[in-house]
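I am attaching a structure below and will ask some questions about it afterwards.
Labels run A, B and C following the written order; every chain starts at residue 1.
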Amino acid sequence: MRTTVGIRWPWRALSVAAVACMVCIGVLATAGPALAADPSGAETLAENPNAPVDYVWIIIAAALVFIMQGGFAMLTAGLCRAKNVVNLMMKNLMDFAIGSLAFFAVGFALMFGADKGGLFGTTGWFLAGDNYDVWQYLLFLFQVMFAATAATIVAGAVAERLKVRAYFLYAIAICALIYPVYGHWVWGGGWLSSLPFGVGHVDFAGSGVVHTIGGFMGLAGAIILGPRIGKFDKNGHARAIPGHSMALAALGVFLLWFGWYGFNAGSTLSALELRASVIAVNTTLAASAGAVFSLIVIHAKTKRLDVGMALNGAIAGLVAITAPCAWVEAWAAVVIGLIAGVIVVFGVLFFDRIGVDDPVGAVSVHGLNGVWGLLAVGLFADGRYGNYTTEGPFVTGLFYGGGVEQLIAQAIGAVVAVAWALGLGLILFKALDVILGGIRVPPQEEIEGLDIGEHGSSAYPNFPVVEDVPYR
Amino acid sequence: MRTTVGIRWPWRALSVAAVACMVCIGVLATAGPALAADPSGAETLAENPNAPVDYVWIIIAAALVFIMQGGFAMLTAGLCRAKNVVNLMMKNLMDFAIGSLAFFAVGFALMFGADKGGLFGTTGWFLAGDNYDVWQYLLFLFQVMFAATAATIVAGAVAERLKVRAYFLYAIAICALIYPVYGHWVWGGGWLSSLPFGVGHVDFAGSGVVHTIGGFMGLAGAIILGPRIGKFDKNGHARAIPGHSMALAALGVFLLWFGWYGFNAGSTLSALELRASVIAVNTTLAASAGAVFSLIVIHAKTKRLDVGMALNGAIAGLVAITAPCAWVEAWAAVVIGLIAGVIVVFGVLFFDRIGVDDPVGAVSVHGLNGVWGLLAVGLFADGRYGNYTTEGPFVTGLFYGGGVEQLIAQAIGAVVAVAWALGLGLILFKALDVILGGIRVPPQEEIEGLDIGEHGSSAYPNFPVVEDVPYR
Amino acid sequence: MRTTVGIRWPWRALSVAAVACMVCIGVLATAGPALAADPSGAETLAENPNAPVDYVWIIIAAALVFIMQGGFAMLTAGLCRAKNVVNLMMKNLMDFAIGSLAFFAVGFALMFGADKGGLFGTTGWFLAGDNYDVWQYLLFLFQVMFAATAATIVAGAVAERLKVRAYFLYAIAICALIYPVYGHWVWGGGWLSSLPFGVGHVDFAGSGVVHTIGGFMGLAGAIILGPRIGKFDKNGHARAIPGHSMALAALGVFLLWFGWYGFNAGSTLSALELRASVIAVNTTLAASAGAVFSLIVIHAKTKRLDVGMALNGAIAGLVAITAPCAWVEAWAAVVIGLIAGVIVVFGVLFFDRIGVDDPVGAVSVHGLNGVWGLLAVGLFADGRYGNYTTEGPFVTGLFYGGGVEQLIAQAIGAVVAVAWALGLGLILFKALDVILGGIRVPPQEEIEGLDIGEHGSSAYPNFPVVEDVPYR
């Protein structure tokens, strides 16, 4: 029996959050015209003649990162079953919608506001006051896309069993708090960025900040939820639960890869950084190598040309190159990608073996390869490029005479990311489980599909839907 | 019985139009090398060192607007039934193909040519003569995407029953005449732009010009056509006719949202307008708020987490922010979006109640929220930005001390847009109905699906297609 | 019975190639920091203040070309049967993955390295040494997308019967050798570009280099493979084998069209070439005209409003305008597109008549219209623009007083492209056929679908898949 409290609570919470936001907005509004820096852009343009190309670059890059939401939606839907597609589409849409409002209200200020002791930011709530400025808005635009990406990674790991209401509350938590605080440590001037090893912990486009955080939050969710009915047989052996559309899954990968050019190359945050071309090439080659080697490895192990694994391999390569993309040569990008392709296969098999059910492989793709990407900086960085600038100090890894200094900084950041995401993730999902009277849908609803149970509708009403996975 | 005349007429008309265009082109061609302004771009570059970044910006923005065609195609297909998908794909492709040629031949000149009495333009037919110029071509590129967007909005409102031939002729009419003339009044130096209230009627990226026009043309089509068989029960109560793929519908929304960054931010028509960052942020937040609040409202009314409504809510927010995007702060964008989310739910319920069948909710999403977007300028414009320039006069709404002047200008433009689109739309669809011997497919064909009846093929021949809507 | 050798060979070949690449990479790596030109971009920026906008332009254009991979995947999948979708998705993903690594290792050097006798390039292997330079990486980025486009065109022509292993080896051959060598002749300073007619053979964005090569390689594959079971009846008459999703096919066309703005306009390779606006307009209008006229012609011949043909007509227009896009006026783009729309219909009917089975019409769309695009330059080029520059010598065709000189240069290039692609294609696919003990899957596997036979999985396991084509 579903508890009434369990059902109504999150709606109330959501409504209360919405009303609270509206009140804040009302207060801001009644304060009259904002104290503003440069809302029209006239002063910025006068001071910086290169601003137009920077703005064009970042706006388009942000749009490219946005379409990754569509990519994740298609990939996740394609790798899951037809009976859960309405639910997945709602989660994918709403994590952006809810998450972006949360990041607007709270997250952006925590991540990029004036630093407080290296721990979090303290200014910029609701982009109000001095933040009514073309540059601040531009920064927010790019960063909100990253926050939403971290949020949406989790959808795959908790797919086909997490209540939609729990997911809404999770999306608020990650975008308002969990992601921005870790992000501040790396990108907002926080303590990780000033570690006394190498140039400090660096993460060019977010292998750690976005993907490790998202991936290990997903692991936490998958652990708390437990495996889907039918995933493991009586002896605990994992069974494949095939996704419902390889066409949509492939489309998702192409959209993700496409958007990744904005994700990585756009992270220069300035068109003056011509290193963007190296970044884009590295992004391409790592993805290719990831696809090729994941296919080779899975074929060696199973004799099957598994398209799902090849697709995941491409994404794994993209995740791994995200941190080092600006600091390595093309050949190193190939090596980083191929190792990512190997990691993703063994990761998926490992989580299957230990009984964690991650329907789309999100933990292996984003979590494990996020860590690998962070470490790869410490190995392959070639001392040719600084931290978002052509000027030094340059980032130099072990293989280029940098010693283990940078590798240590990278390892510390990786350990912190895993601990932060997994720790807070376990607490969050457990807390939601208690508050909502269960974050998992009832077994009957899971078997029939979340679409009918949670939404009262089906994703494909014109097609008879069948399933070839036996339940017992 | 179908009249032979009814079937052959439109083909003849289309062929005659095509031949007429070819003759015009022939005349132009035989006139030898065009009288040209700057076809190579060398002079423009010499005069304006900022031209490269402007051109890059506008070309990419135009490409982003183009992919909205794909977004509309997926959204419309997803929200309609499998048996009509071939028909919808053809309409979505051909409205761009036919419409862009019509806009090239006639529409662009009417909209942006030398002004005649504030009513229409008179130069630039076929981009010939002095229009063979890199800037004129650039302007055409961006604007043809907008014309085609207006055209394709209607496809959803008239879906699943309008003959494809009627749709082709409609596409010519809207792109050659209806859209460009109203567009001239607002963007081409016409009378609405010089109304003696506020700064005149303004519409930054086309809540009115594109979405109100498209939405109310769609209403006209839906009225003339009448509801689909099975939409209303004996007592006149609307029944849900679920779409055939929520995955494609969601993909459509992601593609639309993605393209909207080009639609709104690209409407600066210059990279020097750094206000584009504010525009892009407002676009993001309004869409998010629209999705969240349409979901809250529909859940409050029906207790269902309706993914179709959430998807439409995001688009509603995008439509509403399209006019005010350059003139408001982020918090106002949230408010504008949330009201859009409320409007779309009540709009859909309203049209259901009065017996108008709009299969995808296009009238509520684009028509009603287009009007709301125009009015929102008069309320929330904060006096920080001019009309596509950082220089004044600034646009100032009621809540920022601008009085009701701007609101009046906005209301006049909105009323004119509704009257023009609905009035000409009713005349057009009625005229087509008479000329073609009916614009609606026969009942048998409608029940079996337009794909077989109009195209002799099925969209999904490898899948058995069923339907769960009873006919009586 | 499948021979064990046939099955294991390609894997060994692939593994050997992979290991060989790794060894090369290892050698490069152990050589220490690369001899580099300007890996950080600092010098390039200092020398060329316009570099940022160029880099932004080319990176984004490259990303747009990348998403054409998604477009091809959706179009090909949509026009083929559900039982082969896993196989097609794998081919579409892996031709990019494998092909890009092959182009990185070998192809780029052959195409753009220091010229050897007008025949091929000789420097730039693995982007090593002096090629570790922001501009070289940028050029590679853009060009690798083109190489992969040529590769993926073939997938459609050989669909539904080619073994995936043969396809992998084909992808290496085209990206490492066949495409780059012809490409060198046109774009790398080779002999075709310096033909003593007109300004030499020119091909702005690759009607010949990419589409003719891809299209006629596809023809070679289709010839060697022979038609699919069931394609021709006992009397040799072609039967339609309908594709499994017109929604995905349409999506594919929208994605391709979208990406084509990067393909054509991005081929300026510099944002200073404002002619890009003319290119983008011509691209738009040719696609529209192609769609309209292919529909008119197919309707005239079959009385059916064939959506597949209209979709292919749009692509045909895009292919045809790809070579001339920078050198013609808008009206000429319309004419070029409409003729492309006619060619594609007659091409498809022709290949059906002579017994060549090209499941998606790739040979007609890309092969024939690639040739038409090359010739169109010699007819319609209006003498307003040079070869990627506003300075002369200008490209002038027959209709603008240029005589037949340019047309001859274009015809020579077209003949060479057809001979090169068809000749090497026949040799390649025949050689693969011998080496692999057959490049075609066994009949039983073809009937059941390649997904089960080659991959052991189905693309749509939640839907019962049927087929309406009889086999005998």
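In the analysis below, contacts are C-beta pairs under 8 Å (C-beta built on N, C-alpha and C of every residue); 3 or more make two chains touch, one makes a residue touch a chain.
Since this is a predicted model, take the numbers as computed values, not measurements.
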Provide the labels of all chains in contact with chain B and in contact with chain C.
A
Chain copies touching (chain A, chain B) - same or different residues, decided at half shared
different
Could you put a whole-Å number on the gap between the CA centroids of chain A and chain B?
33
I need the residues of chain A touching at least two other chains; which ones are they?
53, 56, 60, 245, 251, 460, 463-464
Under the stated contact criterion, what part of chain B meets chain A in this complex?
50, 53-54, 56-57, 60, 64, 81-83, 242-247, 249-251, 253-255, 257-258, 261-262, 265, 271-278, 280-281, 284-285, 287-289, 291-293, 295-296, 299, 304-308, 310-311, 314, 329-332, 334-335, 382-385, 390-391, 399-400, 460, 463-468
For the complex, give me every residue of chain C touching chain A.
11, 14-15, 18, 21-22, 25, 28-29, 32-34, 36, 39-42, 44-45, 51-53, 55-56, 58-60, 62-63, 66-67, 69-70, 73-74, 77, 85-86, 89-90, 92-94, 96-98, 100-101, 104, 126-128, 132, 134-135, 137-138, 140-141, 144, 164, 245, 248, 251, 454-464
